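Below you will find the structure I want to go over with you.
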Amino acid sequence: MPTDATRPYTASELLAVSSARALKDGQIVFAGVGVPLLAATLAQRTHAPGLTILFEGGVIGPFVQPGALPPSTNEQRCARRANMLTPITDVLLLLQRGYVDVGFMGGAQIDRYGNLNSSFIGDPDAPKTRLPGTGGGNDIASLAEIIVAMKHEKRRFVEKVDFVTSPGYLSGGDSRARAGLPAGGPYKVVTDLAVMGFDPETKRMRVETLQPGVTPEQVQANTGFDLAIARETPSAEPPSADELAILADLDPERLYTA
Amino acid sequence: MAPTPYLELRERTKARDRSLRDKRMSLEEAAALIADGEHVALGGCTASRTPFAMIWALVRAGRRDLKVSRSIVSTEGDILYASGVSRHIMTSWFSQGIVWGVSKVMRAHVESGRATLEEWSHMAMGLRYRAGAMGAPFMPMRAMLGSGVLGRVEGAKPMECPFTGEPLLLVPALNPDVALIHVQRCDAYGNAQIDGLSFMDVDIAMAANRVIMTTERIVSNDQIRRAPDQTKIGFFTVDAVVEAPFGCAPHECYGVYEPFFPHMDAYAAATGKDPEKGVAEYLDRFYHEPKDWNGYLERIGVGDMLDAARRGRTIHAD
Amino acid sequence: MPTDATRPYTASELLAVSSARALKDGQIVFAGVGVPLLAATLAQRTHAPGLTILFEGGVIGPFVQPGALPPSTNEQRCARRANMLTPITDVLLLLQRGYVDVGFMGGAQIDRYGNLNSSFIGDPDAPKTRLPGTGGGNDIASLAEIIVAMKHEKRRFVEKVDFVTSPGYLSGGDSRARAGLPAGGPYKVVTDLAVMGFDPETKRMRVETLQPGVTPEQVQANTGFDLAIARETPSAEPPSADELAILADLDPERLYTA
Amino acid sequence: MAPTPYLELRERTKARDRSLRDKRMSLEEAAALIADGEHVALGGCTASRTPFAMIWALVRAGRRDLKVSRSIVSTEGDILYASGVSRHIMTSWFSQGIVWGVSKVMRAHVESGRATLEEWSHMAMGLRYRAGAMGAPFMPMRAMLGSGVLGRVEGAKPMECPFTGEPLLLVPALNPDVALIHVQRCDAYGNAQIDGLSFMDVDIAMAANRVIMTTERIVSNDQIRRAPDQTKIGFFTVDAVVEAPFGCAPHECYGVYEPFFPHMDAYAAATGKDPEKGVAEYLDRFYHEPKDWNGYLERIGVGDMLDAARRGRTIHAD
């Protein structure tokens, strides 16, 4: 299986590039710092110059300075040369009002329906690990299509998440809409092994593209549930030199791409 | 009329002196306005405009068992848990920050059952404050439904929309006993102008039953009145004004200073290695030993202050 | 009966002075332009320097310039040297949040329970006169104590208003609270003939003070319903020279005091 | 999922081009974006920041039967009724202004049954727009209960608060088809900075399905981005940007010009004497005869323009 040691880019760079490619010009994108911000900025600099970035701190259309990436979505570096700043609640209400096309998400665990856990490992009443919690994640996942970018590990791709912090398709089918979430839902799951989508009927996760050099067997072996992988699944183009150069320009100290 | 929550809220508001008057006082005097067990909402978000000067004063005053709420909690949550000022924090996210990862101090307190971390979605926190600010008993929203987060909180009510039949969640108003808010400048009456990101501060100030405002500098009422459309928090909501330069250190104050990154790195390293000992030593060194707030800043160090301030000014340097 | 011709001040000046005297220092007061603004500013310059004026256009704590009185509560003259400007909805929400002590009101008609009509004369479905409507009046009357300042005429003080634009005590007793309005309500009705309050139980209007030179009989004769007037009802002090001088300074062209 | 009002609102929003792009066009092109019968919300209030340039363009384009909503309506309501652009105005108050008294033109149209004046409380108008802006189906409020106003409107629902048992009124969201908003300055993308009183404009822009922004002047995006905390309406909500100097004449634009008082006095006198004839002559003279917007301003007169502008600047002159 390819690793950071055997390919000319890191897993984080691969996540950023694949995520960027999943974005379309003109979209309004809720991004966190780290890989999501790199992905959205990379998209702006390649095929999506009219893409707008939102930060949950209350930032609309920022222009992040290369080499001065923000430590969170709530500090002044996020606000730098933005088009507009709003209270937090109002930028989140853009999700509810339907203005946001895509939200970026991560999580400690994900299941076959795209449900995400960033709150508890183990029993929530007596957790092995108390994680930071939802932040804006629950709101984003409830009200927009989401792209999940994370490392592909069996302990993260689990049969059932310990806790649903941010709803995916819940138990599949129309269960999400029935729970009161008629809009949005998981759109893509981008990992260092594959890019996955969801079956339109069952809402189960399925592989759409393999990352370069990765086999279907390797994807399945690193997934804690049965994953639909068609025999003829295509492989993605590796990150181009241009894409990697842009990422290096944005994050020269490799804070988020190491 | 039997007292309802709404009439009680009005009575509390009516009993306050809401006139245009000088409210300047010291950190210590302001800390005395807060009683053990009260609900204290913090302005700012993560490492931005955290009202650290007042938190410092509360630790020094030995305040106990405050219920604390904030949009997103960073290292001030560690301080509140470890000092005993609070054993119950309500927020959407608790971490020193993405680059430093999950708080080991929070984990130690919550996983051992010594403290509670009550988790709402970010928008739910915002709408709860907003309902409180509006004098409304709840706000309708369309997130949290279907999630585990909803299952673990008390007081949110799913409803069928009486207009459209759609499923909705009603989240109840939050009217904190006290709000602690730090701003770039305000006048002696409490008229506050906030530059840059305002987070949930405007709603929190309006929702709270008392507001303690710390500020980088106090300006004249004349200056405020030259640009009244810049006043984000009105004097009538404010009960105390404390001038506290660098009052968010080691966090940031937009346009004045960025986070004190070396200090934050050192804190993360110390508490990462041994959360209990790391934070206890930090409390001694920065909270208990200095003789006053300037002493706290001296321990943080002039070099770090100047470095943070230089970076803070760059937002204006384009 | 005293008239503008027989006393050294106009009815409007008398309304402004009596209204000003009904205000207390430290109060937050919702004022319209005209007599209410004159009254609130007069109070600030006499016994209530810490009184705060609100305008429904979104103005908190303005300092109105003598001789440049605003044409409505929504133009920049209202905003002049204010402490804070807010969106309209937010200044109105101060009423709902309970921050406002007193609101000033007027109206085409008032009844014995302080209900006010500023919408229709005649049948609302086929009105003789369509009036401007509630504006912020309904919100103020629903959520604060109000001072009504108006000329005392039989056609205005009616047995039953043609339409309840702004609720007073509705049908008296606890009917206001039962309708969903547990707070606020009419506090004083100030006219050129008397200052009236309301019985705490029945919520019926009653005369508290007679204007200088006015008899109880004259008040009743100009009122379209039975008004409680105690035999020993005191008379108000006439406007002082100081009070009149301040009004003249504020409105030298007598736009609102003629 | 069957289409619900909420999903339909989202679909309309999703179908819009919300990207950062140049949206400059003429008044005439912008007027063509509005169809007969649509619900058009007007920014500003009474005689302030009234989007008169766009109203002028709608009259000229012969638009019919618009349902118009606004916080408070002044002389633009006369124009809308008398021109036939609207026969249904929803607002809290309709009068030229306190100093001029009730509108005789409104009275003529409403009392004869030719037009509808739908009356909500001021706060209800504001909360209906705010609900629309938030993507919520309603807002709870505590006014209008017990009044005749509530009895004459459709769609408001009294409810017992599920949290406190208190009586409440739920007012339904307003999501206008189009919002017409005039600002002091915005960029070519529609990022708008509003000085002074913002009225209900921010909520209206967010609630609407389309926004047509007229502006005293178009500034660079660079200028906007030097003070992003001053942007009150974001580009993503805006569909058209039209530079229209003196675009509120004869009403005011905060800090730029005050109302054209002599013009307003003359209008009141003419329509006070004979409402039908007065407004018809006014429409001919100021709306139909001029060949373009500058021609309209010429008819108002340079003297009045300079007088209004001189008074407008005084807000900054202290």
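Labels for the chains are A, B, C and D, by order of writing; each one numbers its residues from 1.
Please note the rule applied: a contact is a pair of C-beta atoms (placed from the backbone, for glycine too) under 8 Å apart; a residue touches a chain by one contact, two chains touch by 3 or more.
Keep in mind the model is a prediction, meaning the values are calculated, not measured.
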Higher-contact pair (C-beta pairs counted), B-C versus A-B: A-B
Where chain A and chain D are represented by their mean Cα positions, the distance between them in whole Å: 40
Inter-chain centre distance, chain A versus chain B - centres from mean C-alpha coordinates, in Å: 29
Length of the line joining the C-alpha centres of chain B and chain D, rounded to whole Å: 37
Residues within chain B bordering two or more other chains: 4, 6, 135-136, 141-142, 166, 168, 196-198, 226, 229, 318
Residues of chain A engaged with two or more neighbouring chains: 59, 79, 81, 85, 93, 96, 182
Category of the chain touch graph - line, ring, star, complete, other: other
Pairwise chain contacts under the document criterion: A-B, A-D, B-C, B-D, C-D
Touching residues (chain side chain C, partner chain B) in the complex: 25-28, 50-52, 59-61, 63, 79, 81-86, 93, 96-99, 101, 174, 177, 182-183
Interface residues, chain D side, partner chain A - complex: 1, 4, 6-7, 9-10, 13-14, 17-21, 133-136, 189, 191, 206, 221, 224-226, 228-229, 231, 234-237
Contact footprint of chain A on chain B as seen in their complex: 45-48, 71-72, 91-95, 97-99, 102-103, 106-107, 110-111, 113, 117, 119-124, 126-127, 129-130, 141-149, 152, 158, 166-169, 196-203, 252, 254-255, 258-259, 261, 312, 315, 318
Chain B - residues contacting chain D, complex: 4-6, 135-142, 155, 157, 159, 161-166, 168, 170, 172, 195-198, 226, 229, 318
In the complex, chain C residues that touch chain D: 32-34, 56-59, 71-81, 85-89, 92-93, 95-96, 119, 124, 127-139, 142-143, 163-167, 170, 175-176, 179-182, 255
